[in-house]
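Same chain, two partners: chain A is paired with chain B first, then with chain C.
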Partner chain A sequence: MDEGMKQQGLNLVEHVGQLVMPGDEFSMPQDLSKLILGPGLKLITDRRSTWEEGGVGTILACKPGVLAKVKGNTFFVEVKSKQYDSYKKDDVLGVIKQKGKGDQYTCDVGTKERAHLSKFAFEGATKRFRPDLQVGDVIYGKVVELPPDFPMELTCVHGTGKSLGLGVLESGHVFQIPVHFTRLLRSASDSVNVLRKIGRIVPCETAVGVNGLIWVKAKNAVLTILVCQLITKLSQSSVAEHEQILKQFRKGISSLAM
Partner chain B sequence: MRPKVIANCTRALVKGGAHRGIRVGSRPLSHFRNVRVLFGKSYGHCEVVFEPGTKVYAQVSATIGEPMDSRPGEGVFTVSVWVSPAATGEMVGSSQKPALIARTIERLFKDNKAVDLESLCIRFGEKAWILRADIHVIDMNGCLQESATLAVLGALLTFRRPNAYMDPDTNELVVEAIQESTPIKLHLFHYPVLTSFALCNGILLAEPNHEEEEIFPGKLVIGLNDSKELCYLHTTNIIAEDILLEATKLAQVKCVERANLMKELSGAYITDRDIPLYLRAPGVRTTGTIINITDAEAKLPSISTISNLISPSSPRSSSAKDKKSSTRIQIVPKTASITVLEEMVL
Partner chain C sequence: MPRGKSNNKSNKKTKKEEVNKMTKLIPPAREPEVMDVDDTGGDETGGAAEEEEEEETQDFGPEFNPTHFQFLVEEKSEQFFEGQFQIGRPIRAAHNFLENPHGAVKLFQGDTCALCAVYGPTEIRMSKELPHRAAVDVLFRPKITGTSKQSQMTGWDSTLEERAIEAKLVGILESVLYLEDDMGAGFNIILHEFENDGCLFSTCINASALALLNAGCSMRCCFAGVTILVNETNNTLIVDPSQSQIDSGFDAMITFVLSNDGHVLFSSIQGRTKTNMIRLCLRQASEACKEIFVFQKQLQLQECSDFINGHSAVKPVNARGLKDEDIKVKLEDMKIDEDEENYEDLDDGEVSSSDS
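On to the complex of A and B.
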C-alpha cells in the first residue's frame, strides 16, 4: 500500500472541518454516547466480536468532502454533489412517473433506483377514498423502506396517521438545486436559513426535499418565477454574498409593486 | 433508467410564463445563452459550456489512411459522439441524441464543405488524412447540437497536423515530427455556428433549456456561417413565415458574432500557446485558457431587467431591440486567462 494515500487511525473529532477522501479510516471515538454517523461515513465492525461486546470497529469514509459535526455526537461528510443518494427517513420531493395498475405509483426522486409510493400512503386514505394522482404530479414524501435490491418505498403519511405537511403539492414550480444547498435551506437556525428571509420579502410556500428538488409557490406565477430565480442564484453564490443578493431582490420587488 | 419526468406544475408555469414574456431560467425571451470556451493543452481540444448546465467537449485527431473509394482525391472526416448517461439520465443506446448530433455536424462541416477535405489528400486514391472529431457530452441542459457544433468549430480551428508527403525517390510516406516542422492548420472555407429557438404559439424562446425543449412542441435550429449565409435549418413544427424571418434575423446577429469570436479566441489561444517557455513571464503555465463569451450584464439575473419585461411591453418588442444590438469586443492579451467582454448597446 502506498503510504500517504490512505489515511488510517484518524481521530474523528480532531478531523472535523478537514477534507476526507473515500477509504480514509477513523478509529472509534472515546465518547460513544449517541454517536450517529450520517451520509458519507460507514461503521465497519470487527467480524469476530460485535461492537456491543467491546469489539474494535473502524469508521470508513465513503465519499469525498469535508467532515462535519452537528450538535450532539453526529458526524457526516459534507459532499458537494448534484446526485442524490437515498437514506432512510429522508424527506424527498418526487414526481409521479408511472401510474401502476396495482396499488402503487412509481416516482422519480432523482436516484438511479425507482421509488414506489403506495396508493394508500396518504392521510385518511382508504380503499374507497384515496387521492387519484396523475403522471407528472408532485408529492412530498418520506423514505420509509430502503431495501438493498428493491425499489425504495415512500410514504406521504407519518406513523401517527397525520400527514404533517407531506402529500400532494399543487401548482407552483419544481426545480433542481445542488443537494448540498438543501441542507442550508432546511437548517433550523434563522441566521443561516435564507428561506425565512425570502419569506419576509415575498410570502411563499416552499417544500425542500433533500434530494435536491425544491417546490415553490407564491401568490402568482411571476412571483413564483422570481423566487425560483433568486434561490437558483443563491445556490450558485457563497454564503457571504447572500445578504447582498437578498437586499437587491428586496429592492427589485418593491419597485415591482409600485 | 428513463429520462426525467417533467412535473405538471412546471409545465403550466413555463407555458404561462412564456406568454407573459418571462422565463424560468432568468433569461429574457430573446436572450441567448452565455458561452464559455476552454481550449485544452493538446491541439484540437475545445470545451464549450452553454450556461446554465450544458457542457460538451470535442477533440479532433488525425490519422493517415486510405481515402474512400467514392472520393479518392479527398480526406475523410468522421464524427463520433458519446453522450454520458450521467448527463442525460438515459441509458446508452436508447437515446437518439448522439445520432442527431453526429448527423448535424456531418451536415454542417462535411456536406456544406466547411472543411477543405481536398487538402487532406496525400496521394490520389492511396493515402489521405482521416480526420476524426470525438464529441463528449459531459452535462446536458438542452442545446446539445448548438454547443457540440461550437466545440467542433473550436477544435478544428485549434487543430494542427504534422506535414506528410510521399517521397518521390523512394516512393515512401514521410511524416515529419510535429516538433521539428511547422504544424499545418486545417483549412476551413467558412465557419458554421448554430442557434436555436423553442416555438410557442408564435413566441420565440432563444436557446431553450432542457425543460423548455421538452415542454414546447416545436424547436427551430438555424445555422449560419461567418459571412451570414444560411447553412442549416431544421424545424420540428409548422412555422409561420414572418416568425421564421424574425428568428433568422436574430440568429444572424448571434451566429456571426459567435463565429467571429471563435476565430479571434482560437487565434489568440494559438499565439499564446506558441510562445516558447523561455519568453514567458515566470509563473505557473496554465494548461488551458478560459475564455468567457458573455452577454452584457447577464452574469447574474437582475431583477430590474425582469421587471422591465413584466411591464406591458410585449415579448416581440424586446426582441426587436436585440436586432439593433451591436457588439464591442475587447481582448486582453498576454495574460493567463483571456477575458472577452461584449457590451450590448440597446
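On to the complex of A and C.
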C-alpha cells in the first residue's frame, strides 16, 4: 500500500468532503449529464480519440483541498488561499486606480491584471449623466461574462438595469481577508454565516467581495473598526473558536456602553 | 482582559493536544530494516550487488549543545507540525508564519532549516514576462553570499552555488506547475537559508513544495526531494545525512526529486558509484519521498480541517449576501437561536446602546 503516492480511480461522488492532493486521479462518473468541473479539477482526455468519440478521460485534481459538490453535478476543490482567481458573475470589491479620458475606469480587484469598468455601467447612467468617481474610490461590482482571452470587465448594474446593491461604496472601511473565508461570510445558511451573528451584536452594513476585500460601515467609526478587527480575528482562527470569540466581543461591546 | 488571556491559553493547549493526537495516528516508527538485496536488485544485475548491506542510520545531528542551538529553544514556542520521517532525520514545519505571501513555510529537516515564501500567479517584471505561459522566478538567499566551498575552490563566480540552486529549482517547478493557465503572469518563490546542517538543496525543494501547496497553486503532482549518501568502503547508504556525516567522507552524494505519480523529476550525482548502487538509492529515495508525501498530506489535512468538519459546499447568495426570503425573516422579527439564549442579558445592553 503506497500511502503517500497519488490516489487512482477515485469516485467523484463518494470522495466529496475528503482531502485531495495534486495528482489524484478520478475516474469518469457514469452520470455525465451537465457535469461541471470547477476550480481545482482538470479533465485530461486521451489524445488518440476525442471526447465525442467516446475516448477515455480522467479527472485530475490539481490543487490541495477538500472536494466539494454543489447542486447540479458541479464539483470543485475548496482551497485555502490568499490569491483571488476571477470567474464569471463573481461579486467583487474594486478600487479605482485610474481615471481614463475615455469612458472607462481601471480597477484593482486583486487579480494579476487590472479590470475595466465602463462609466455607463451604473444604474441610470446616460451620456450626459454619469457618476464621477475619483481615484481611490471603492465600488462593488460584478465580473462580466466574456469569452476567454478578453480583458476582465466589471459592471455595477444587473441585466434588468437595476443596481440591486451594486455601485459606489461611500464612507465605511475596506480591508482584506483570505479568499476562502469569504465563502463563510457569504453563505446563505443562518447557522454557518458569521456575519449574521455579528449583525445581531452590532448592526452594520457590509459588502463582501469574493476577491477577499470587505467593506464595513457601522453607526460610528469606533464600531466600524471594532467589527473589522473582529472579522480579521475570525478569519485567522478555526471555526470551532468562532463562538468563543463572538462571546468575548459581545461582552466587550456591552461594556463600551455607547 | 485577564479572562481573555486565559481563554487564549486554553485554546492553544487544545490545539497542541490535537496535534499530538494527529501524530499518534501515524503508525509507530519502524525499526531500521536490513533490505534483502538478493531477490530484488541482485536478479537484474546478475548478483553483483549481493555483498552490499544497507544500514539506515537515524542521526539527529551532533550532540545537543545549548549554546549552539539557542535559536531552536526559542522556536519551540511557535507551533510546529511534526511529521515522522522514519528513514532520515525528523521533519517539522510551520506554515502561514508570514502574513503577506500567498504561501509561506518554515521547514526543518533535522537541524537544517529553510524558509520559503510563494507569491502565486501575480504580476512580475516586464523583462521576465512571457506571452505563452507564466514565468517562474526563484530567489535563493544564503546566510552569507559567496562563501560556498565550490566557489572558493574554482574562484569563478562567488554566487555560483546559489545561482545553481535557483536554476535547478526553476527547472523542477516548470515541469510541475500548470504554467499555461495564466499567461503573462509569474510565480515568485523566495527561499532563505536559515541553518545548514547538510542536505540544504533537498530541504529547499521540500520547503518550496510545501509552500506551493500552502498557496494553493495548481500543480500536476506533488514532489519531494531526498539526498542519499553512498559510502562504498563500508557499504552503507545514509538517507538525508547531516553535515558531520557528509564531512566524514563519501563516495557519492545523490539527490533525487520524485513526484507523486512515480516519476523522477530531477537527479544529480556528486562523486561516482556503481549503476546498481544508484538503482538501490532510487528505491530508497522513493521510500523516503513517500514519507514526505504523507507529511504533506497530513499538514494539508490539518489546514483544511475546517472544510472537512464544518461548512462544506455552502450555497452562494446574491449581492450583499442576502436572499429575498432572508430579508422577509429579518423584517418580521429577529429570532434568537436556542444556543444563544445564555447571553440574552447582553442583548439588553445592545438595545440600550441603540437608544443612546
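Operating definition for what follows: the second predicted complex is superposed on the first by the 212 of 258 C-alpha atoms of A that agree within 3 Å, B and C clash if a C-alpha of one lies under 4 Å from a C-alpha of the other, contacts with A are read in each partner's own complex, and residues count from 1 in each chain.
The rule is simple: a residue touches a chain if its C-beta (ideal position, glycine included) is under 8 Å from a C-beta of that chain, and two chains touch if they have at least 3 such contacts.
Computed from a predicted structure; not experimentally measured.
Engineer: Identify whether chain B and chain C fit side by side or clash on chain A in the overlaid structures.
Structural biologist: clash
Engineer: In the overlay, answer first, second, both or neither for which of chain B and chain C A:K112 touches.
Structural biologist: Touch partners of A:K112: chain B and chain C.
Engineer: After lining up the shared chain so the two structures overlap, which partner does A:S189 touch, if you call chain B first and chain C second: first, second, both or neither?
Structural biologist: second
Engineer: With the two structures laid over each other on chain A, which partner does A:K97 touch: chain B (first), chain C (second), both, or neither?
Structural biologist: Only chain B; A:K97 stays clear of chain C.
Engineer: With both complexes overlaid on chain A, does A:I177 touch chain B (first), chain C (second), both or neither?
Structural biologist: A:I177 sits against neither chain B nor chain C.
Engineer: Looking at A:T224, would you say it contacts chain B, chain C, both, or neither? Reply first, second, both or neither.
Structural biologist: first
Engineer: Could you tell me if A:K251 is touching chain B, chain C, both of them or neither one (first, second, both, neither)?
Structural biologist: both
Engineer: Regarding the shared-chain residue A:C204, is it in contact with chain B (first), chain C (second), both, or neither?
Structural biologist: Neither: A:C204 stays clear of chain B and chain C.
Engineer: Looking only at chain A, is it chain B or chain C that touches more of its residues?
Structural biologist: C
Engineer: For A:V135, is the partner it touches chain B (first), chain C (second), both, or none of the two (neither)?
Structural biologist: In the superposition, A:V135 contacts chain B only.
Engineer: Residue overlap on chain A between the chain B contact set and the chain C contact set?
Structural biologist: Touching chain B in the first complex and chain C in the second, residues 83, 112, 248, 251-253, 256 of chain A appear in both lists.
Engineer: Which residues of chain C touch chain A in the complex?
Structural biologist: 1, 4, 7, 11, 101-103, 120-123, 178, 182, 184-185, 213, 215-222, 259-262, 289-294, 296-297, 300-301, 303-321, 323, 326, 334, 336-337, 340, 343, 346-347, 349-350, 352-354, 356
Engineer: Would you pull the chain B residues touching chain A in the complex into a rising list?
Structural biologist: On the chain B side, the touching residues are 1-2, 4-13, 16-17, 20, 22-26, 86, 300-304, 306-307, 310.
Engineer: Which residues of chain A touch chain C in their complex?
Structural biologist: That would be residues 2-6, 16-19, 21-23, 40, 42, 60, 62-66, 68-71, 78-83, 85, 91, 112-113, 140, 142, 164-166, 183-193, 195, 200-203, 206-208, 238-241, 244, 247-248, 250-254, 256-258 of chain A.
Engineer: With touch defined as at the start, can you tell me which chain A residues reach chain B in the complex?
Structural biologist: Answer in residue numbers: 83, 95-97, 108, 112, 134-138, 169-175, 215, 221-222, 224-226, 228-229, 232-233, 245, 248-249, 251-253, 255-256.
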